Amino acid sequence: MRRSIVNDPEDLVPEALEGLVLSHPRLLELEAEHRFITRKEPARDKVGLVSGGGSGHEPLHAGFVGTGMLDVAVAGAVFASPTALQVLAATKAADAGRGVVQIVKNYTGDVLNFRIAGEISGDDAIDTEIVLVDDDIATDSGEDGPGRRGTAATVIVEKVCGAAAEEGAGLADVAAIGRRVATSARTMSLALAAGTHPGDDRPQFDLGDDEIELGVGIHGERAAKRASFTDANGLTDLLLEPLLSELDLSRGDEVLAIVNGLGSTYPLELQLVARALHHRLGDAGIEIGRSLVGPYVTSLDMHGVSITLMPLDDELRRLWDAPVRTPALTW
Amino acid sequence: MTEQTSSPALPAGFGRAFVLTLREAFVGAADDLGDLDRRAGDGDFGTNVRTAMKHLDANLEADPPTSYREWLTALYMAWLGVGGTSGPLFGMFFRDLAKAGDEAGRSVPTAAQFGDALAAGQATVQRYGEAKIGDKTMIDSLDPAIAALRAALEADAETSAVEALFEAEDAAVAAATATAQTTARRGRASYVGDASRGVIDPGAAAMALVIGSARAGADGSGAVDLSWVA
Amino acid sequence: MRRSIVNDPEDLVPEALEGLVLSHPRLLELEAEHRFITRKEPARDKVGLVSGGGSGHEPLHAGFVGTGMLDVAVAGAVFASPTALQVLAATKAADAGRGVVQIVKNYTGDVLNFRIAGEISGDDAIDTEIVLVDDDIATDSGEDGPGRRGTAATVIVEKVCGAAAEEGAGLADVAAIGRRVATSARTMSLALAAGTHPGDDRPQFDLGDDEIELGVGIHGERAAKRASFTDANGLTDLLLEPLLSELDLSRGDEVLAIVNGLGSTYPLELQLVARALHHRLGDAGIEIGRSLVGPYVTSLDMHGVSITLMPLDDELRRLWDAPVRTPALTW
Amino acid sequence: MTEQTSSPALPAGFGRAFVLTLREAFVGAADDLGDLDRRAGDGDFGTNVRTAMKHLDANLEADPPTSYREWLTALYMAWLGVGGTSGPLFGMFFRDLAKAGDEAGRSVPTAAQFGDALAAGQATVQRYGEAKIGDKTMIDSLDPAIAALRAALEADAETSAVEALFEAEDAAVAAATATAQTTARRGRASYVGDASRGVIDPGAAAMALVIGSARAGADGSGAVDLSWVA
């Protein structure tokens, strides 16, 4: 039985947003009615960046609000899209006169509500562009259906678009660089154990002692595949193999890598995966030029890990390296 | 599109009467609509309807509407603050209804303009929801209602707006009831496959209540039949 | 059953250290033989700062190596002190000619090995000072015995000493400010579930569905007390009450607060505790001038939270705010 | 302290002989020492002894010692690389032994200087470990060994270093064996309370092997009795 530190589960999201803002009083501000978080000092004369989605993936998205990244993050209930009205208000708040890029993970509800908010914000003469993040190769099922899910590559899109906007790039250019990231970044995830909804006492699914969920999503949905449990090196291979066959990397290429904890994976575990990833890619002549290792896009307390890879070039490296100052990412 | 001048007028105060009648109908049918979604869906549609109406009340209180467009705007904003698929889709549908009539939005639309707005709303729902007619969704009752409304208006230049809306209502209720014969291919109900057969689609039923409320708002009765929902 | 992402558990610590350094190649360097991590660019002409202890508490300590914080972090096996020889080598590596402050959590093994390393490093004419961190009020059992354990206040000591050393303060002054933090900071912890050793399949202890471990340590030892499980506000009160009666704060005081996740506590949970803490202290007229909310001193994947409070004054606020650039703390 | 000139010399090469003999003894007794710690402790002492000897081998290989001080330094550094309580305590104990003799550390200490170094080591162990005699620890066999060594040297100016070390060894083994009669008040064994009774303290036994190895290093036999350990 997994218990949660929670008051009334109904109040979880607004209370947690309040807690976040109280903990970062110089950086963040809360718009309580529509449940979005903005920078304390709104940016001027730049393209606005708004993102958001269901809660339970923290630090995504509110943890990435600040200089060099998002202007506004809007929060739905756990694993549920924010409403179109919330997204609309958040989009308006992100506008500083030069239009707004909406960064949206590819889930039906999120896409619907962000598209609608984008359309309606046109009533107020706000130009919007949507950047859809769909990096999860486990859901790459061809033409039909909702397409690949959006997962940890969202962090790269938010960072890179944030840097471009901060540099003064226009709406179309900020969207274009975001789409370039989304087109080239891919993610694969696995879970040893599911997360547990706040207020529930059972994880979202159970696994046998010798199986893992390969290609798991971040909403507690089961994966299409099961695989055998193995050691850290073996688990890394299970993630890396489909990524490499998807990404078409060659010797001498440089990548950005995210080794992402899905919730209750502890640092020692992530460091072992990072190590294995460095060795494997190194053997293939591929350099990890930049990396993040930690819990960035989570699924409550799911025990698992994802690997995201994106080929790096000079422009992406420069935008990645640009200063950022948010609760969850600062350099 | 139908010429404005050649179409019968909807009564003054139609916006207010339509929205308040619909509010009554939605609140009255929420439990039954929720049950339908529970039997073939994920059960949240009743809550979604109730949440929308709670938002509507708040909007009416915060910023009392003074025109058709403002009444419908209060309604569409209310639905956009609701989750599920119905929230954004009904929101965008009512947003198109709010645009009915003249550019400035000061006057009440004609029956034909209202019909055009319903059609625009259907197109918007289909653009976002990607449903085809027959997929067991809200447009299954909307589409025949629009056809019936237009047919009535076109058949006889003397037809009143209320008479045309009665035709539309009858078509909508009949089509909504008939969704029990179909299998869902959109929305949560599509996950249960053939198990959705035998159950009326709650969104289609709700859409029929929209048409009925327009009629009841136009004829001043405020009376909409809910008995067939369930 | 809790499984771990691990290779041979024997190799866990060296492999994880390697993974950490591979992930921060521009910031960190590994001395593999003695299992310590140093800054990539060693600092010059400043007092050296070394800390360390058993593994399993990540990001502590290696995550705090970098500008404005530690020079060297040395790692023992999970929950076991590094050896005197490791600490000796680490202490020597931390010396830049102006002596070394050793920051030590108060556990018998750590104290023994750091004291010995300090004594032996005298052979090489290295001056050392030990700052003992003993903030855990749950183990405040009077004169006899090993005294209070060291837990999350270690982060404050490392940050504040790091800033003082970076400013150019001398050995005695860096040690003195560290001792001032250690004297005034206090911590209380609770757990809803124990952590699981890498390679084991059972958590270190079991709890009834309606009880929590109040005053739990970071090595999986059970607490002296059990308390009833309750909501986020109630759990915060359970931690805060003993802290307030210990700390002697008055209306108008300002504190630094750490809401620390013990491993698998997810951000939403920590944000609720942070929120409750702000409200409770606010009601008492005490301002949280600075805070950290996140997993900083963990116990594998223990599900729990600790609160650390320290009264702030101008000097401590200035040193806390000074720039820091490490894997786990940057501003 | 005993005057250097009035004390019998330990043979040239004593450092090497002492350390290599002790290495043999520790390796030979490691299993039994581990068993003792398992019966009244946490069972890791055998591993700790073995780890120390592995480190010793590495040190001897990496940097071959050329003097008594260097041999003992290789030994103390080996123990400081070991966990548990015994690692740091034996490490610091041997560090004091390494300091025996002249300042420059080039020559072999006299028997009296060796006795003084043992006493310094005991003081260091007690300073760090806070054990009193009788707490069932390594000093329980060390303390009587030092007393016996000094008594032999003082009783008769003609006593050889080997003879005095034989007295010390006998006292150490007797005292180590007698720890079976006591209850542990330090180290992991103290957690098991009276259950430690009946079991020889492994640290005290190991310390008796240290004294025996000094004797066997001094007399050139290299032979230390391990049979009593267990």
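Each chain carries a letter (A, B, C and D) given by its place in the written order, and its residues are counted from 1.
The criterion applied here is as follows: contacts are C-beta pairs under 8 Å (C-beta built on N, C-alpha and C of every residue); 3 or more make two chains touch, one makes a residue touch a chain.
Since the model is a prediction, treat every value here as computed from it, not as a measurement.
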{"item": "Farthest chain relative to chain C (centres taken as mean CA coordinates)", "value": "B"}
{"item": "Between chain A and chain B, centroid-to-centroid distance (C-alpha), Å", "value": "37"}
{"item": "Euclidean distance of C-alpha centroids - chain B vs chain D, Å", "value": "93"}
{"item": "Gap in Å, rounded to a whole number, between the CA centres of chain D and chain A", "value": "60"}
{"item": "Arrangement of touching chains [line / ring / star / complete / other]", "value": "line"}
{"item": "Touch relationships between chains, expressed as pairs", "value": "A-B, A-C, C-D"}
{"item": "Chain A contact footprint on chain B (complex, rising order)", "value": "77, 80-83, 85, 87-89, 91-92, 95, 128"}
{"item": "Sites on chain C touched by chain D in the complex", "value": "76-77, 80-81, 83-86, 88, 109, 112-113, 115-116, 119-120"}
{"item": "List of chain C residues in touch with chain A within their complex", "value": "1-8, 12-13, 15-20, 22-23, 55-56, 58-59, 63, 78, 192-193, 198, 201, 209, 229, 231-233, 235, 259, 263-276, 278, 288, 291, 293, 298, 300-301, 303, 305, 325, 330-331"}
